[in-house]
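Sharing a structure with you now.
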Amino acid sequence: MQTGVTVIRAHAGSHFLHKVPAAAMVINGFGKSVGLMQLDELGVLETPIALTNTFSVPVVAQAQIKQALALHPEIGRTWPTVNPLVFECNDGYLNDIQTLAVRASDYTQAHDIASEQFGQGSVGAGRGMSCFELKGGIGSASRRVEIGKRSFTVGALVLANFGKRAQLTLNGQALASRKQEGADDPEKGSIIMILATDAPLEARQLRRLAARASVGLARTGSNFGHGSGDIALAFSTAYTYPQAPTAEMPAIAMVHEQHLDGLFQAVAESVEQSIVSALWWAESVLGRDGHRRLALREAYPQLG
Amino acid sequence: MQTGVTVIRAHAGSHFLHKVPAAAMVINGFGKSVGLMQLDELGVLETPIALTNTFSVPVVAQAQIKQALALHPEIGRTWPTVNPLVFECNDGYLNDIQTLAVRASDYTQAHDIASEQFGQGSVGAGRGMSCFELKGGIGSASRRVEIGKRSFTVGALVLANFGKRAQLTLNGQALASRKQEGADDPEKGSIIMILATDAPLEARQLRRLAARASVGLARTGSNFGHGSGDIALAFSTAYTYPQAPTAEMPAIAMVHEQHLDGLFQAVAESVEQSIVSALWWAESVLGRDGHRRLALREAYPQLG
Amino acid sequence: MQTGVTVIRAHAGSHFLHKVPAAAMVINGFGKSVGLMQLDELGVLETPIALTNTFSVPVVAQAQIKQALALHPEIGRTWPTVNPLVFECNDGYLNDIQTLAVRASDYTQAHDIASEQFGQGSVGAGRGMSCFELKGGIGSASRRVEIGKRSFTVGALVLANFGKRAQLTLNGQALASRKQEGADDPEKGSIIMILATDAPLEARQLRRLAARASVGLARTGSNFGHGSGDIALAFSTAYTYPQAPTAEMPAIAMVHEQHLDGLFQAVAESVEQSIVSALWWAESVLGRDGHRRLALREAYPQLG
Amino acid sequence: MQTGVTVIRAHAGSHFLHKVPAAAMVINGFGKSVGLMQLDELGVLETPIALTNTFSVPVVAQAQIKQALALHPEIGRTWPTVNPLVFECNDGYLNDIQTLAVRASDYTQAHDIASEQFGQGSVGAGRGMSCFELKGGIGSASRRVEIGKRSFTVGALVLANFGKRAQLTLNGQALASRKQEGADDPEKGSIIMILATDAPLEARQLRRLAARASVGLARTGSNFGHGSGDIALAFSTAYTYPQAPTAEMPAIAMVHEQHLDGLFQAVAESVEQSIVSALWWAESVLGRDGHRRLALREAYPQLG
């Protein structure tokens, strides 16, 4: 089973009770992620963020529903329903996606082991992902940004599963010839880019951050291919919104709009670096029908 | 089990091979429908349209994936993946939504019996739905529109599950006092409005049609409540797009933009009439925990 | 000259220094308003709101630029440029719009006399406007909303210039036959709906309020005609954002999302009432080429 | 007067009578362009495209209105009004933007001399523009794309006025140190990217093309700065829509969606190349208050 699930938790508590300000940017909407409509309307996420393969979105969404119900039996009865949030890429080159191998327990296990320390490359949802026809998967990077006398962090985690070999660009330089065999084949990959920051931002500002994920993506060689679901989501850990309308709303002083440029640059750089990191850490995987993806360092030993 | 599934097929063939021009309008995005992101990007639907309850979206989405795979084993291997399209309302007042009672077979059965003749009211996905605190569900209506010397049809089918009693408005007249008990309780309903037309329209024009569904909805008394997922989708049956890039694209002369007003009015009227029709045909249902929704004619016998 | 300018000031000070949280909803984009792109990106307005006829947008936008420059010579030099915000309807039935009769002084005069007391009907930008083929123009109405123990106001001001006689609906009842002469002629009108509230709301929430303006509009008979620029803007007077990035941002506790329903209803009702009010107060006007629009009470004396 | 106007004509005839399929993508909406709302709704442009400085948008928009009225006196009377389409960047570093120096005649002159041969760099609207704190302005480039047995062209023309020196990236390589003086100052520039193609595409597809302009922009070093109005527009020259509803609509076979990848790559490459071209051809300009922008080759003689 060359597939899996990755879970990102914005905080340690119930995301339903303590909703997290968030916004998404659909860079290219050839994708099957669920949960973005309500997130766009309300500006919050209310479950952890799950990443998996395309055909496993339903089973993971259902696992999120059951998890929320187990925690809060009022959901769907005296309380409103819960909005699952599942992103996907198609790992069908290495994984036999038609087997629908992912189980609800894969979600709960990934959820429970989520921690500040985590592996990169061919792990979790990244297990079967390809990137530039090499082995891709999970990558992460972060930047610190000074605003006035305060210091904030922007962190990116990507599920990288896009690109043709001829496009691969590291530090601005193409690694392969543009005349690769199959260079004209359509791209069938995708990339999910999750951004977290401790800067206090409202959903509209987070949407502006998410839009800069495309900068980092473009610099690795992507043209946002027709068949690639390229989606970014940004959330802030600086505060939460209470579920109960009787609870007090937080009074937050957001970052002044003119101070966003540093955060924008941090997003661009951390996304680009996350993609490189996914390639760097991913180990070669042999998958269905003898398909193999080489690790970056196998394909380009001079990088080592 | 006071819940179910309703399926709308745009044509008798494979929607994946013969994609249907379509567009959606999110009037209020407090909802968990899946499939709208890709539909928005590509302007087509590639599965039948499924309606069900909120927590059954995953099982129905997975049933759509399996159905497409059974029909086209190339999907997710040599072909791209398929985009499920499932809309939902929360029928939790009458249905114990936490039991996740809907099965994949409910989808396939609803799919297979889809026909031009169909019941309204408390049927299919409408079984457990409430509307204005009365029994709601499936309603349908249509209008004919003359454009030049040609005649086109606009048909609406709604899954009506919204509104407080104090809002109910028939033919412009409020039926109940604005001082109803519980009138200040938050609304937790939703409405899905599906529009079909044989007029040749492109996705951008279909989106304009979908936007007029809100006119009919507003006239029944809705204010597009905070907790109501109010979503419209319009599709055209005038032509299809081929899946295979080697196939020829259809050369279609769309309706001239200045001729859309008649279609807009037809959308507004057929949506309003569909909601009334759902109320009219729905029979009283006794559901979980002794909850009962009266039929419109029981609550207002003078209408009979 | 059967045309003019109306100006709405969100507060008495410099809107550039003290930016006002705001958001717009384009219900039908057949219109030439300016300023919405930046408002959508930044969630604030930074000039007063101007209303005028379609071809006078440029002269009024330039008057706004000059006004801001006179107040703040730093604009466009050491400070960023200013974003004019001008909405329009086409008053070409009564006004000879090709004469471009509006002058910059019409804007400054309307700006300077803006007050809490103002006329309705055929005044300012409403001078030449038609509504349901009757005399339209400026109308206003408001509602109070209780949220918890606090009370807020929602006020609407519309520039009403839309609709065919056959559509006119007052209190849910059509006034004219649907078989009016010329009922099939395309609509060439528009409506601008400005909403103000003292409830503390962020731009995303204000956008949700603006979306409910369409409810009130639909109830008067509009189908959001193809050729009608139907646009709503909502702003909050509860706080402002400072221009200078060195200034402190306000720490605001927004209204809890689940409390918005009362505000939504207030928007729907005050927009519907504003349209009626525009019709009620507008006096008959004789304009270009002998065109005349009757006042509502002339056409339907039984209403008086 | 270090400022001006550039005009792009999609064809030699009346754009109002023969409307051009078009779509825009707002990458960052800190800008004052006019005309995008109606373009977004209707999917066509109906005037030539004008580029100028920020505060000259009104005078150029009015020149477009007068030009359309002179050509078609029916506009605003028996026909609908016309939608001006003017894009802008802030050339205030070199140009004293507060003088509002641009005249209507600058628009008409630029319109009349528009031809397939044109200058680049410090010409037209590009006269006062800065890019990466060097002299920017007008740049253009194109690519050919084979789709099946047919060959199409994608051409880009940019008005480049963005970026800090520390960001400047040519062929993937930074030219300057990231430690430039003033590197933390906010960016106040913008870029307008106009794309033309002879491939038959509908507005939705053109919007997808416009979205790829951001790829080329990102590769030159931009992070889509907060204060930068980064906007792309794409139009097709393959067909036009008639103004008159009595005229026949064209029956067009659009390019198959799966064939768009080649066009996407062409957009990315031609935008990147256009920006480089603007820098390459721009000559040093001495403007207001002794401000000077060096030409790229003056600043980096090694490039020559």
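Which chain is which? They are A, B, C and D, in the order written, and residues in each are numbered from 1.
Heads up, the rule we're going with is that contacts are C-beta pairs under 8 Å (C-beta built on N, C-alpha and C of every residue); 3 or more make two chains touch, one makes a residue touch a chain.
In this text the structure is predicted, and so the values were computed from the model without any measurement.
Traced through touching neighbours, the fewest hops from subunit B to subunit D number 1. The most distant chain from subunit C, with centres taken as the mean of CA atoms, is A. Remark: among chain pairs A-C and A-D, A-D carries the greater number of C-beta contacts. Subunit A and subunit D, compared by their mean Cα positions, are separated by 33 Å.
The mean-CA centres of subunit A and subunit C are about 41 angstrom from one another, to the nearest whole unit. Residue positions of subunit A with contacts to 2 or more other chains are 28, 41-42, 186, 208, 227, 245, 257-258. Because contacts link each chain to all the remaining chains, their graph is best described as complete. On subunit D, the positions that touch subunit C within their shared complex are 26, 28-38, 40-42, 54-55, 57-59, 61-62, 65-66, 69, 73, 76-77, 80-81, 83-84, 90, 92, 97-98, 100, 186, 188, 227, 229, 231, 245. Chain contact summary for the complex, subunit B toward subunit D: residues 41-43, 202-204, 208, 241-242, 245, 247-259.
By the touch rule above, subunit D contacts subunit A in their complex via residues 27-28, 169, 171-174, 184, 186-187, 208, 211-212, 214-215, 218-219, 222-227, 257-258, 260-262, 264-265, 267-268.
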